[in-house]
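Accompanying notes for the structure given below.
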Amino acid sequence: MKYHDSETAKEVAGRVESFMDEVVIPREREALETGERITTGEIEDLWEQAKDRDLFAPQVPEEYGGQGLDFSDMLPSFEQVGRSLIGALAIRANAPQEGNMHTLEMVGTEAQKEEYLQPLVQGEISSAFAMTEPKQGGGSDPKMLQSTAVKDGDEWIVNAHKWWTSDGLNADFYLVMARTDLDAHPYEGTSIILVPRDADGVEVVRNIPHLGGHGITEREGGHAEVKFDDVRVPVENTIGEAGQGFQVAQMRLGGGRLTHCMRYSGMAERSLEIAKAYLQEREAFGTTLEEKQALRHRIADAETHLHAARTMVRHAARELDESDARIEVAMSKVFTANVTQETIDLALQCCGGNGIGKDLPIAHFYEAVRAFRIVDGADEVHRRSIARWAFEDVDETEIENTLQFDDDLRIDALEQ
Amino acid sequence: MKYHDSETAKEVAGRVESFMDEVVIPREREALETGERITTGEIEDLWEQAKDRDLFAPQVPEEYGGQGLDFSDMLPSFEQVGRSLIGALAIRANAPQEGNMHTLEMVGTEAQKEEYLQPLVQGEISSAFAMTEPKQGGGSDPKMLQSTAVKDGDEWIVNAHKWWTSDGLNADFYLVMARTDLDAHPYEGTSIILVPRDADGVEVVRNIPHLGGHGITEREGGHAEVKFDDVRVPVENTIGEAGQGFQVAQMRLGGGRLTHCMRYSGMAERSLEIAKAYLQEREAFGTTLEEKQALRHRIADAETHLHAARTMVRHAARELDESDARIEVAMSKVFTANVTQETIDLALQCCGGNGIGKDLPIAHFYEAVRAFRIVDGADEVHRRSIARWAFEDVDETEIENTLQFDDDLRIDALEQ
Amino acid sequence: MKYHDSETAKEVAGRVESFMDEVVIPREREALETGERITTGEIEDLWEQAKDRDLFAPQVPEEYGGQGLDFSDMLPSFEQVGRSLIGALAIRANAPQEGNMHTLEMVGTEAQKEEYLQPLVQGEISSAFAMTEPKQGGGSDPKMLQSTAVKDGDEWIVNAHKWWTSDGLNADFYLVMARTDLDAHPYEGTSIILVPRDADGVEVVRNIPHLGGHGITEREGGHAEVKFDDVRVPVENTIGEAGQGFQVAQMRLGGGRLTHCMRYSGMAERSLEIAKAYLQEREAFGTTLEEKQALRHRIADAETHLHAARTMVRHAARELDESDARIEVAMSKVFTANVTQETIDLALQCCGGNGIGKDLPIAHFYEAVRAFRIVDGADEVHRRSIARWAFEDVDETEIENTLQFDDDLRIDALEQ
Amino acid sequence: MKYHDSETAKEVAGRVESFMDEVVIPREREALETGERITTGEIEDLWEQAKDRDLFAPQVPEEYGGQGLDFSDMLPSFEQVGRSLIGALAIRANAPQEGNMHTLEMVGTEAQKEEYLQPLVQGEISSAFAMTEPKQGGGSDPKMLQSTAVKDGDEWIVNAHKWWTSDGLNADFYLVMARTDLDAHPYEGTSIILVPRDADGVEVVRNIPHLGGHGITEREGGHAEVKFDDVRVPVENTIGEAGQGFQVAQMRLGGGRLTHCMRYSGMAERSLEIAKAYLQEREAFGTTLEEKQALRHRIADAETHLHAARTMVRHAARELDESDARIEVAMSKVFTANVTQETIDLALQCCGGNGIGKDLPIAHFYEAVRAFRIVDGADEVHRRSIARWAFEDVDETEIENTLQFDDDLRIDALEQ
């Protein structure tokens, strides 16, 4: 299926595809077959190969060690990295590192960029974004954020209890969202503070056990529960302006929903590739499974829905250049999340018992995709936004001229 | 598929099935082929045959001219009559006549039974139940009922504007719901008044045009808009006790939802029978359509869902003998309404262009079934009841011991 | 929702929208309220207004009396005309007239254009395309076409039995597909012959009764069964080259599937507009229905799916400029057909009893949309094409390296 | 929801429910909270408590140490044990041990019962059923079974390569399906041979990694790949008659599909219980989530579908007493498998981020339930059986009288 991406976008995506097919997917396959986890050294080796191919950290400006692609040119490459369990990792474009780099690049000071961004891009250090809290803080309702950072001289004293902090187990520093002005509305009184892991008072409590928590790499970032107890850091560690934490976070999340869509659609595509190869290989009741129409037609629908998702995401990306494209992004996100879950579920079913086996990557994808209908705004939150938009500007003339049409939803008298 | 119905129920249903296959369906098929509507005289002829077979008005006590079957023994016969567009009509078990007979039999006076029930059973006269009103009256919220009947000496003066009055075009009398005590809550101050069609002030405004309004019989009952303007009737025309109108209506609707389920599942079953015969007959791309697995598997699912509906309805009927079975009936109704619509839609698709043609009954069924998700309580009303039940008695210990588990639906920080 | 259509396309669609909102929809609403059919004279009056607004026959070259728009510029206007039951008719862009005009314009001789195209564009005469046959001829398998035209001197002798001939009741001429060389493969030996209605041997047997056959205009074109019995017409009546009938038909159907998608998505959009206005107006259990979240969220999903359909159709239209875009069109068609049916079904449900009433256009749309999953290739035919495409070029390395992974779909031993 | 189970069935199920609520679920909750696996000693302690409550091994005859309940009396108890991750294990009714006990009890010799059944019931030893093979053997097509057992004097020489052997990691003996008469059809020439784990030539290759492979107990049985290389066992180790292996296996699977349905519906019910408690607890946008109608209605549908599944299963169980109930069981299985997966998925969504967290059991259930649409016959295998049944005895008169109704699925001429 061809799309109307820019020539640069297509060219890069083509090279990413080759890297995946030639290097990354074979390495993934080997790990699945042997059951031996991929070491940190091997990941670093993949990074070297990505550098040789001019694919390393594609979203990062060249001065900080990346390829300097803009958002829309990067987009189709995310479909390609999504095809492998370690695809995004292999080119250093994996969440949350990629978003944290983007944040530092956008609003970081020169000193912060030198001390943290440069080594972060190179993979010498790792980072985490600490937003979500137990007791509903840091979720959809900003008024419930409970973490605080109080200024004491030229230091912040940070007190926070965070969890679901992605990659938080191994992070060398945390970007902590905390209220810094309790009198202000949280939208005006929240800041992001960079806290080094080795500061006094930082405690990584545990890796929250979760669906999909058993990956194929040696060093799992996990989703951590982390406590910050009277941690002192210099005020220079503020990321962006004090009080602007929500604005920075929003910027960070900006196009991220669309890149997530692309990566998950890559997962779904790979799952279909495997399922189709499997159906061609296996036989039952006298023919290959490929010839059974019931599965063929369901695969046709899955391909159709994936195609729909991809056209929506590209439309939204184009709109995002001109506006906040809030509804277009919400529609793309909720649609893609559901379609990719259904597609991967179908692919798993096609492979029978081997579908739930972890010799193939599908069962891993199946675990990973389930989170997508929850993170970055649950389905229900996006439907809420879309519905609100849908009910703006309803044309009352559609009904007001027909006010005699007013029976109720329940018409017991209408029997047949 | 065998069910655990009583021997009487099976025996009668078997004879109804024969009547349908031997007489009623062939007559229906002829009407569809020729496009000529079935006359009232022919319907009366079918009644004679039903009498000869001891199947006429099976739900009515023998003393009033019926077969005297109780509810559960009657139930499987409704599946059989549902298989034909004129099935219920052919044995005088069609709504709303059947419900009106049941009402008169339950709460009518001897005089009312003699004057109205006897000829109604015999089909000498026709009736309608006038409940629903424009402006939301008579629907789900009883407080909005606007019709009134005021006592003046030994007469009621009825003022009412009704619509969606089924069979209201040709009715010889109406059972009108009206408020008779405006100071009381509607549940306590509403009565059902029998109003003859030829009373002064009764005006049949129109047949409300609607989906499925083009049947195959000469005399269409329609869904009428009817006005009652200062209509005077004697107080003896009260049906049941004054003030007990809602209680009587509820009794009338009682098991009706389950018989509706059975009839619609009969429609769905017949649709599948036709679709399967069609698929066996037609060829494309080298085989009969029957051999195409995609349609076969969808038919398998339709059969499965119909079977589920039938087991649920039977379970609910059994419960109904012991309790009000409110939730069991709501579940049966909403499930069956959706399953039968989907099944008929599938059957239509199987027949291609002929599916939408009215040479076959499927397109008629397709029109008829759409109302079922709305009448007798819309899907949404039943889901509301079921949800309320589901949230009673929630076991808080499931969560209270785990109060640390409290993140929000939206977890932006959980990225991968 | 904004799309990236051309400026011309947007400008015309904006004017079509105004025509619909100001003139066509109010006229439709009046017809629905009064139940009086729109006369042929009134339709002609709408044509005059469309001419005044430079919107008449937009797809026809200016020299033949239209607006001369190309395909992609015309596309978004079809969304607008789809919003009304008489929208396409009002600007003389309704099927099958529009396709027949397109055929005559593409391959007709100058004499044919003068005699038939000019008056056809002006609405002085009407036409029909006679392809489908009883006994499976003229359907998906060309080898089953049974109609013949045999050359006798300078005349064709046409023998054909056709049905589902749209607008065939009132047609002044028929474009008849018939085999003209029985020795050749049908793709090489079929021709399209223009047969005037008043030629000897033409018999319009009947209007095939069908779902949605009760419209709101006086003159219903219907789907006709037509017999051609030794009908003689001059060989100059061949449309395009003899033997090229299938190629001409394919050209005719070309972009038609996409314009159908647009019109049906317009229907679905209007249905949602009405449903939303209805939900804002009606109350139950203390709030307007608009505030009930269950329906809101389902409307959000419907909006999302409609949006997906529209982005797919636009993508396919752009591809169609460069290739046959067979799979893109198939995906767009099957997706849009299902989404619009589901959306209209939801809108109907939102309006309760009034949803099935024909005072509102939704029940009409509900009837009309059901054909869309069957005509222009049934869902199953398109899924078949998409599946075939999906299984081309499957990458066997996905499985071949993992040949130990080969258990069957049924794993009885895997118990838990 | 009340069902019409026997008094014994209800009484036992009530006591099982108490055991779950008072002992088993609290123990499960503790394991989830602490992340510490439940030890084998603790499981044995649960067995003691089950014995004290007369609930231990309910399906096993009293003479072998169980409670001696028959199938239908046992059934509702399986719903209760399904509510906990360790429920079936806690009363020694977990697959595959329970099925293996049943097999030995049915066809084992007195010596086999003494040596293997008695200690197996008591949990002193463990067992596995080795049927499925790589390369498609042992799956749906019996002709592909490749394992062999050749008689040599009074010994079998067993050669087999098995996988997906449930609980095969820790088994003390295997019941191995192998061909013992290569000249006979596999249905007549296959036997089940008991092979002790410590026999020469038995190699447990690995635990096949799979979805749901990370449980909460210390001793995971896993799904093992096992090789048998020239393993010699005495001919007395034949389980049942030689050559009757398939018949014994079928007997073993007999009612097993229905008990699986019950256990999974218990899982789904518990998931809903947790989701409802969670929705009552959590707030967003000003109300508890319980008050959001969108989720309420979806929960109502889930409750409805679960209820449908339970009525179907009970109907099938009753039929199973009188016939093989093949179609009833197939319908129950495919319906329940899909409904329970969807229900658990919904419950997970309701809990947001905590849904994918393993502090709650839902994510565990989510992993476990995915296998159910594959094991014991994949959805597709059951649909195949149901479709075959559905197309038996199609009434051709539905179409033969209407042979003029024969247009194709694709009707290009039917345009609108």
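Note that the chains are named A, B, C and D in the order they appear, and that numbering of residues resets to 1 at the start of each chain.
The rule is short, and it goes like this: a contact is a pair of C-beta atoms (placed from the backbone, for glycine too) under 8 Å apart; a residue touches a chain by one contact, two chains touch by 3 or more.
Chain-to-protein mapping (UniProt): A, B, C, D = Acyl-CoA dehydrogenase family protein.
None of these values were measured; they are calculated from a predicted model.
Novice: Return the chain whose centre of C-alpha atoms lies at maximal distance from the corresponding centre of chain B.
Specialist: Checked the centroid distances; the maximum from chain B is A.
Novice: Please tell me whether A-D or A-B has the greater number of C-beta pairs in contact.
Specialist: When the contacts at A-D and A-B are counted, A-B has more.
Novice: Starting from the mean Cα coordinates of chain B and chain D, work out the distance between those two points in Å.
Specialist: Measuring from centre to centre gives 40 Å for this pair.
Novice: Using Cα averages as centroids, what's the distance between chain C and chain D in whole Å?
Specialist: About 50 Å, centre to centre.
Novice: Taking each chain's centre as its mean C-alpha position, how far apart are chain A and chain D in Å?
Specialist: Roughly 36 Å separates the two chain centres.
Novice: Using mean CA coordinates as chain centres, what's the chain A-chain B distance in Å?
Specialist: Measuring from centre to centre gives 50 Å for this pair.
Novice: Could you tell me which residues belong to chain B and also touch two or more other chains?
Specialist: 132, 136, 139-141, 164, 282, 284, 292-294, 296-297, 352-353, 357, 359, 371, 374-375, 378, 380, 383, 404, 406-411, 414
Novice: Taking the complex as given, what residues does chain D use to touch chain B?
Specialist: Going through chain D, the ones touching chain B are 1-4, 29, 33, 272-274, 276-278, 280-282, 284, 289-290, 293, 296-297, 299-301, 303-305, 307-309, 311-312, 314-315, 318-319, 327-328, 331, 334-335, 351-354, 357, 359-360, 380, 382-384, 386-387, 390-391, 394-402, 404-411, 414.
Novice: Which positions of chain D touch chain C when the two form their complex?
Specialist: Residue positions touching the partner: 94-96, 99, 129-136, 138-141, 162-166, 223, 249, 253, 256, 260, 292-294, 296-297, 368, 371, 374-378, 380-381, 404, 406-416.
Novice: Residue numbers of chain B touching chain C in their complex, please.
Specialist: Residues of chain B touching chain C: 35, 132, 136, 139-141, 164, 206, 208-214, 282-285, 292, 294-295, 348-349, 352-353, 355-359, 363, 366-367, 370-371, 373-375, 378-380, 383.
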